[in-house]
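Structure below; questions to follow.
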Amino acid sequence: MDKTIQTAAEAVAQIPDGATVMIGGFGGSGAPVELIHALIDQGARHLTVVNNNAGNGHVGLAALIEQGRVDRLICSFPRSADPSVFVEAYKAGRIALEIVPQGTLAERIRAGGAGIPAFYTPTAYGTEVAEGKPVEIFEGRAYVQERWLKADVALIKGELGDSHGNLTYRMAARNFNPVMAMAATTTIAQVSRLVPLGGIDPEHVITPGIFVNRLVEIANPAQEEELNRAEAVYP
Amino acid sequence: MDKTIQTAAEAVAQIPDGATVMIGGFGGSGAPVELIHALIDQGARHLTVVNNNAGNGHVGLAALIEQGRVDRLICSFPRSADPSVFVEAYKAGRIALEIVPQGTLAERIRAGGAGIPAFYTPTAYGTEVAEGKPVEIFEGRAYVQERWLKADVALIKGELGDSHGNLTYRMAARNFNPVMAMAATTTIAQVSRLVPLGGIDPEHVITPGIFVNRLVEIANPAQEEELNRAEAVYP
Amino acid sequence: MIDISQIKLSNAQIAWRAAQDIEDGAYVNLGIGFPEMVAQFQPEGKQAIFHTENGVLDFGKAPEPGNEDWDLINAGKKAITLKPGTSFFHHADSFAMVRGGHLDVAILGAYQIAQNGDLANWSTGKGGIPAVGGAMDLVQSARRIAVVTDHVTKKGDPKLVESCTMPLTGVGCVTRIYTSLAVVDVAEGRFVLREKIPAIPMDDLQSLTGAQLHTDGAVNDLVCPAELA
Amino acid sequence: MIDISQIKLSNAQIAWRAAQDIEDGAYVNLGIGFPEMVAQFQPEGKQAIFHTENGVLDFGKAPEPGNEDWDLINAGKKAITLKPGTSFFHHADSFAMVRGGHLDVAILGAYQIAQNGDLANWSTGKGGIPAVGGAMDLVQSARRIAVVTDHVTKKGDPKLVESCTMPLTGVGCVTRIYTSLAVVDVAEGRFVLREKIPAIPMDDLQSLTGAQLHTDGAVNDLVCPAELA
């Protein structure tokens, strides 16, 4: 069994039009920039994207939106240093937006991966974000029922990876990546370094290979923050 | 801030009669034997214990039950190589038993730690274990509503620990320990080795210190399986 | 009626047959006891990755006696070993793998299996101390739920039945049954016979089965290595 | 009416005052922007441990410019640093800390706070693009929810109000408000004035507040280090 793929282009080749795609990262940290760019090259359209943010500058998720490929975005915080691509698309009505509180977003994704179709949270009770959602009282306190969130594909960024798909992450670049890996039918990881099987201590594996379908080594991956400081544009 | 305590006796001194106590471990692996024995010495009675099993032989949880200190046990699998202590107490009506499927038990504990008062699971739907529980249909499939499980105290066993309570575990001794650490008002950890703050790589911390209130070093901790092979009895 | 004690498959042969269906690269959970034996017969060239619900994925075989580390065990509390690719995780993550549908196959034992796929394998319902473990989680969530079992009870009663009389582990969950006499699928509320051992006449097999055995295409011979008998 | 622009506390002074209430050993989350400033004023001898919802606990100060590692950032996407005791975890675990009530204090900014503790701080409700981030999770779950804010808006309208007119972030959640003029608790549906700056007369403070200010015992002088002005 070897889940490694040679190129980012091959790794994303099967993603169809209309797919729901989770994309890891919090701002630029942990964003799988090379996989996103490969998806731009690949051409799939009418995507629903799940990400904490809405892209920054003109690379990564912002570039995918700029190319008109995202019909709908599910996120918690569509702001950044330069959110102009998303703002323009949103104001022109080219992209739909579902705002989800950040912890609820993370938990809905984990629930998708963990086979929990719904759960209750105190978050957003009494706010417009919870309008229309079932409310239940437990021990005198009101909670909102939230539903799981699953995806056809997750694009994630790891640090080390082995041929079975075991992964580690790098510092705060971990963020949404491990839970998204659980919640997608097909999880595609880019890793900074492929190591031989056994090259990751069993105690240090963060995402066990069962959650990963394909992985590709992208040595020295781009850091979105640095691309933006250099005013990079993709493609 | 220093959460370390000198002795197991001091670590468990405050546990009151009637407390709900989660005890980590799966069979003997990960069972905090020294903390349980300190709790036996300490004398608290009428405890509700949450553990995957029901003790084995005459040490650890079995010894706590044998001393008549556990009124109620919440577990998934009250069987072991030598379950005679539990079996006798149960048949004599001295201990109440709530059987919870193992995955539901783990998820209820996690929910307690994560502020999720209830969730839905396919597990046990249509079985007597789910009788009386709310059922809801999501996307055509029936799910059972399960409630969070919290405790006054969690007794857990780690491998390395630092003064802020950051913990690692040893192999399959991890099991229920990290989720129980999240779900108790007071989490008390025994660790095989205290290390200086910074002695655990931030990437390798399994239980961040926020979930741990007190920890005590027990070098060369007893392994329940070995105690039982030696036919040990406590006290 | 033929005396099945002379012709029925051994547990090792049943386990061998179940192992033949495990796909290359499959993630597999084996129940405590008899089902654990399946791991010994994974065919050459097809790699299965084993999950144990106490938090280990991709583990190795039992260690030599005397080399056990009791912090490295499976759900049956038997010692296992590390191998390249092993990972550890906590119980909630372990059952996220289960409940989230990430396992390809779970193989369990059974007291009774109903033709609609209901499984009873956790309690005889006759008193005693109930103990469910992870079975109720596994049977509702793995992609394929296979059972390995004798075809009949020790008393000779059918284990494949119209509807279970013992407490259920899960409803409509079993997809394939490997017995000491046959391989039977559960399909659309019916038992569909796929294979039977050549030595048993069809009528006898039916009379040892508590519900109608249907066929859907050929019934193949169930032939297992004789050295496992 | 007194001209408050001359007497009101600076943001640094408000942050300093909020920091004085953080207990030794407290786990603290600071909102993006102004609340982040609180970390600079933690009193000597009282150690606070900071949590950032993107998955870091017990982190250090900002690095020197040029030494940023953009994989090591806080929720405001600003670079932070490691220190002994730091740990990393994923987003679901991070919000398990939040939602599970493991944080002692969260300190946030506000557009409006109602006397019942309702908070509006995520959307002006005037169009524009909504962005809630982690605020709705934090305000329902940390043990204490403190707000740091100017006492009035830039236009001079009260921020402490009878009931919020802007979209809510959370209901009945705020426990203490540190403003540019006063320290106000929310207790049993009322604003209770604890401290005010000596320079403002009580009547003027009330007129700049959109709901009744109650007292419950002494109102202390709110005095902050002058060098932070």
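Remarks
Letters A, B, C and D mark the chains as written, and numbering starts fresh at 1 in each.
Criterion: contacts are C-beta pairs under 8 Å (C-beta built on N, C-alpha and C of every residue); 3 or more make two chains touch, one makes a residue touch a chain.
Computed from a prediction, not measured in an experiment: that's the story for all the values here.
Considering the contact criterion stated above, the chains in touch with chain B and with chain D alike are A. With centres set at the average Cα position, the gap from chain A to chain B is 34 Å. Centres computed as Cα averages put chain A at a distance of 30 Å from chain D.
Chain C has its Cα centroid 37 Å from the Cα centroid of chain A.
Among the residues of chain B, those touching two or more other chains are numbered 107, 110, 114-116, 121-122, 169, 171, 202-203. Residue positions of chain D touching 2 or more other chains: 88-89, 92, 95, 98-99, 141. Chain pairs recorded as touching, per the definition above, are A-B, A-C, A-D, B-C, B-D.
On chain C, the positions that touch chain A within their shared complex are 24-25, 27, 47, 49, 51, 57-58, 82-89, 92-93, 95-103, 141. Of all residues in chain C, only 52-56, 69-73, 75, 77, 88-92, 94-95, 98-99, 118, 129-137, 140-141, 167-171 touch chain B in the complex they form. Listing the residues of chain B that touch chain C in their complex gives 26-30, 52, 76-81, 83, 86-87, 90, 97, 99-107, 109-110, 121-129, 169-179, 206, 223-226. Across the interface of their complex, chain D is touched by residues 1, 110, 112-116, 162, 164, 166, 182-183, 196-198, 200, 202-203, 205, 208-211 of chain B. Contacts from chain A toward chain B in the complex involve residues 107, 111, 114-122, 136, 138-139, 141, 143, 147, 168-169, 171, 202-204.
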